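Across the two complexes that follow, chain A remains constant while its partner is chain B and subsequently chain C.
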Partner chain A sequence: MGRIALKDIRKSFGGVEVIHGIDLDVEEGELVVFVGPSGCGKSTLLRLIAGLDRPTSGAIEIDGKDVTRVNAADRGLAMVFQSYALYPHMTVRQNLSFGLENTRMAKTEITARIDDAGRMLEIGELMERRPTQLSGGQRQRVAIGRAIVREPSAFLLDEPLSNLDAELRVTMRAELAQLHDRLKTTMIYVTHDQVEAMTLADRIVVLRKGVIEQVDTPLGLYNTPANLFVAGFIGAPNMNFFETTAQGGHAELPGGLTVKAPGDGKITVGIRPQHLRLADDGEEALEGIVTLVEALGAETVVHARAVDGTGMVTVLSGQPGLHIGEPVRVALDHAQIHLFDADGQRIIPASG
Partner chain B sequence: MSRVSQFIFRRRGGSGWHWTDIVTWVWLIGGTILMFGPALWLVSSSLKGPAQLAEFPPTLLPYTQITMPVEGFDNPLPLYTVTNEDGTTEVLAEIRRVGTNAQMVDPDAPEDRINVNIANREPLREIGFATDNYVQPLVTNDFLRFLWNSVFVTTMATLITLLTNSMAAFALSKYDFRGRDAVMLIIVGTLMVPLSVILVPLYSVVSATGLLNSLWGVILPTVATPTGVFLLRQYMLTIPDELLEAARMDHASEWQIYWRIVLPLAAPALAVLAIFSVVWRWNDFLWPLIVLSQRETYTLQVGLNTYAGELNVQWHYILAMTVVTMIPVVIVFIFLQRFITTGIAGAGIK
Partner chain C sequence: MAAISKSLGTVVTVPLAWLARIIDYPLRWWQIRTGQGGMAAVFLFPNLAIFGVFVIVPLVLNFLYSTTSGTDIFLPDRTFVGLDQYQRLLSCDDYTRRITCREDQFWTAAGNTLAFVIFQVATMVAVSLITALILNRNIAGRGFFRAVFFFPVLLSPVVVGLIWRWILQRQGLLNLIMVNLGMEPEVWLNDRAYAFTATIGVSVWAHMGFYTLILLAGLQAIPKDLYEAADMDGTPPARVFWRITLPLLGPNLAVVLVLALIKGVQIFDEVYVLTGGGPGTSTLYLTQYIYEVGFASILRNPGLAAAASILMGLVLVVLTLIQLWLSGRKEKAGKR
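Presenting the complex of A and B:
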């Protein structure tokens, strides 16, 4: 139970197409995270899966059955909304039981399920309160509880942690991960926060402007981004990009450093800030002027401007004692560079 | 207690008087008189007899003439304070009045008749209530019947108004259908059509459907109010759509969404509309007057009108029954007033 397949899903609002043909398979029990900048269509896609909106074309299958024209309630899915959407005039218990009562479930069964969810989420004492009397974290739990009691084949979560403060977000993230471990139910999770995506996901779907850019495991995305957008989106601080030209198997970076690059023509060289280090004397290096130093204690984030004017960020371990305006020379780990062609697609480096 | 008086009598000028203190006091006292004066006058006048109502200058409190049984007379006689020519005063009872003279008698010595010029006597009165103003219309003039009719019309009309208007408002605020804005515009546009314009066609419709002289003929034409639809729609727009979607995922039918989610959440706006509707229907005069022509179907307002004849107006009954008419509206206001400001502010109308 809980296999979801999207087949060439398209969605237009008025005359504007916002989802341009999405194909995706979500395996049973998987936690898939949709991530992307705002306006990329990730929430729209979730609403299409939920059945709150209808796709303009394409098909949605759950466990092999075409549900494209099936009502939201009859798809066997449960959704946690960004605003939680708890019914303000009902107590927590009524909030949890509302959906079950509508399916004419037996009273004893309803009580049993609510008590289970109450224990699991530690909201047993809050049952007679109303949502306005709860804190943000408690509301979040109730919203998840309302989804759990339905015993759905899959959970759909729309930015569920975005209304919480930073500290609570970390705790709830861990709890969500535990919950998924325990329930083993398919979850589709929408977020714009790449840390949430990286820590929670079995697989991440990176979306941009209604198109899937890449689908992979979190580390797969980090290690082998398929294109410039994914490379720049995953990882913090963002990857450094240097536009240059490849010639005769080599490309030159500002400061005279050369890297291996197959073919000829314009390419972009990407290197993560964590893979840069201060260069030894005489070593080939990238050169620049320090423009900002963010000392975090254990590590220092150094912003610099390379000699050709490109911005360059370096994460150095420890406290190297650099100051604004000083020249800086950084060396790179050649195994860790990413090459992208003129269209922004990844170039598979020739072996050796 | 001293803290209360300290609060009330605190002045900006400290121990002296700043000019704003004076303006404030004059303004507040004047405002109080302006607001409560007419209501108090109405209540106190409703307890005066017809003769006292015609008096000038009017008195603030209702008085009744003191009477006393006197030996040798069947009915109790009214007492007067009479000023004699030598300046002394005594209390005498009046037997009858002839021209400018009154034939009076000393209650202690009923045999001697005394002639007194009416300019030399003052009626002896005490504060008393002419409760007959209330008893007479309510018991013998069918006013209990009118009261019941008014209550029935107001309750039914308000209930139906709330139900139909909230359903219309729900559709207009939460469903996206072709022509929604046009429908809304037409509904709001009808605000500009006064009753007097549609009086004749409306009468024809009510007459054709056989609702003349029936309370339903008063109720049904008034239940669809553009103000109510507009007020409720504006309020319902503030209910987040995600709640409705959550309910939809929770297997709720559209009727359940309306009945169990939207209606309870729109309670403040419904309360405001309930107040408006009660006041409108209760005070309605023109339309009931046209539809209802049989006495047993009269509402209070139409019933009041029966006391205003072409030649003679029975002010004491009108005043008393006006007080009766006011009471329910006041009660509704007391119970629902806390909703008024929030609801009106939310809907952005007055």
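Presenting the complex of A and C:
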């Protein structure tokens, strides 16, 4: 239970199409994260799956059954809202039982489910309080509890952690991961935070402007981004990009460093800041002037301007003792470079 | 353009700056001597002065008049009678029979007002709530209908009364339409039941826009995602209304209820123009009774009118205290 398939989903609001034909299969028990910048359509897509909005065209299937025209309540899904959407005038217990009471479920069953959820989420002591008497983290738990008691075939979570402070967010993130591990229920999780996406997801769906840019495992996205957008979106600090021209199997980077590049024409070379290191004397290197040093202790983030004016960021381990205005020479790991063609699509290197 | 607005700015700001400089010194001196509390007194004084002259002084005068008798207007010319006027208003031989009361008109007016308030407020709350619920939906022309329902609030009560008298009178618009449809005309304003109903209907029509607005604001303050959460849970619309909308609208409903009660007790102008209290005394309400006893009748008795208005004032004070208590409770609930 909990297999969700999207088939060429399109959605328009007042003649403006915001979702441009999405195909996606979510496997049973999988935790899939929709990630992308604001306005990419990730929340809209979640609402379409939930049944709160109807797609303009295309089909949504749950466990092989077409539910495109089925009401939200009859899809067997539960949603956790960004604002939690707890009923302010009801106690925690009433919040949890409200949805179950609609289904004419036996009182004893309702109580049992609420007690189970209360134990699992450690909100048992809060049952008689109202949402206004709870902290942000507690409200979040109640919101998740309200989804759990329904025993849905899949959970839909819309930026569930975005209203928490940074510390609590990390804790709740770990708890959500554990919860998924225990329940083994399909979850679709929307976030704009790539760290949340990377740490929680079995698979990540990167969305931009209503289209899927790439679907892959977190490490798959990190290691083989399909295009410039994904390469730039996943990983912090952002990947360095150098626009250059390939000729005769090679491309030259600012400072004279050459990398292998198939074909001829304009290409973009991408290198993650972590794959750059200070160059040894006489070694081929990228050259630039340091513009900013962020010393974090264990590592140092060095921002520099390459000789052709391109900005580049290097994450160096330790405390290399660089200062603003000094020249810097960095070497790169040739196995870790990413090449993109003029359209921004990944170029598969001809050999290794 | 920029030069014009700049010179306009100068025209405004230069005198203001002068004024500020002139009052700066005495204010500064006052603040140093009296501290923050003294400054608060300075800024509150104008409003307190107006409140005192137009509310407190008349209130005291009204009470003094209620302890006097006679037809003279000026207080020094009047005879002090203590609480006689109150006694006159409230004394009956048999309290179950209005006709045995010394001032049976007062009791008639009070009874009429009570009936009016009960029916009018119930109708008002129901009609405003239904209208607000409809206007809160995504219907076509929503802005237009909001304006339409609010428009009567802008009318003077006298205009409201005149419009409806013109519609309901014997040779009015309604009867014209009915005759043209082949029906028998009715004497709407000369029938006790019709006239009473008309005063309720007209006052609801005239004021519902205001209450609808309060309820609409309350409805729009309810977060949309609560409804979406209920939708995900498959909550039937009736249950959504009773368990989510109504409880969350509670504070606004309480405000509407109490304001409507207060306004209902005070009802006068549009009814006075529409029915003049008739037929007979069937739409004679308290304020009209006070007005007629105090000013309009040949045997005017300002003392009696003052006493009646003090009694009515007590009822309003109780209602206002309820409203303050309700809104205080709402604030407390909000702080929790």
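We adopt the following convention: the second predicted complex is superposed on the first by the 351 of 352 C-alpha atoms of A that agree within 3 Å, B and C clash if a C-alpha of one lies under 4 Å from a C-alpha of the other, contacts with A are read in each partner's own complex, and residues count from 1 in each chain.
One rule holds for everything that comes next: contacts are C-beta pairs under 8 Å (C-beta built on N, C-alpha and C of every residue); 3 or more make two chains touch, one makes a residue touch a chain.
Keep in mind that what you see is a predicted model, and the values were worked out from it rather than measured.
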Legend entry - Room on chain A for both chain B and chain C (clash or fit): clash
Inset, instruction - Would you check which partner chain A:Ser83 touches, where first means chain B only, second means chain C only, and both and neither mean what they say? - result: both
Inset, instruction - Once the structures are superposed on A, label A:Asn102 by its partner contacts, choosing first (chain B), second (chain C), both or neither. - result: both
Inset, instruction - Give one of first, second, both or neither to describe whether A:Gln133 is in contact with chain B, with chain C, with both, or with none. - result: second
Inset, instruction - Identify the partner contact of A:Ala50: answer first if only chain B is touched, second if only chain C is, both if each is, neither if none is. - result: both
Inset, instruction - In the overlay, answer first, second, both or neither for which of chain B and chain C A:Ala72 touches. - result: both
Legend entry - Clash with chain C (superposed arrangement) - responsible stretch of chain B out of 58-66, 76-84, 94-102 or 112-120: 58-66
Inset, instruction - Enumerate the residues of chain A that count as touching chain B in its complex and touching chain C in the other. - result: 50, 52, 71-73, 77-79, 81-83, 85, 87-89, 98-99, 102-103, 146, 150
Legend entry - chain A to chain C touching residues, read off their complex: 50-52, 71-74, 77-79, 81-83, 85, 87-89, 98-99, 102-103, 130, 132-133, 146, 150
Inset, instruction - Would you tell me which residues of chain C are touching chain A in their complex? - result: 223, 225-226, 228-236, 239, 243-244, 247-248, 250, 336
Legend entry - Contacting residues of chain A [partner chain B, same complex]: 50, 52, 71-73, 77-79, 81-83, 85-89, 98-99, 102-103, 146, 150
Inset, instruction - Note which residues of chain B are touching chain A in the complex, please. - result: 240, 242-243, 245-253, 256, 260-261, 264-265
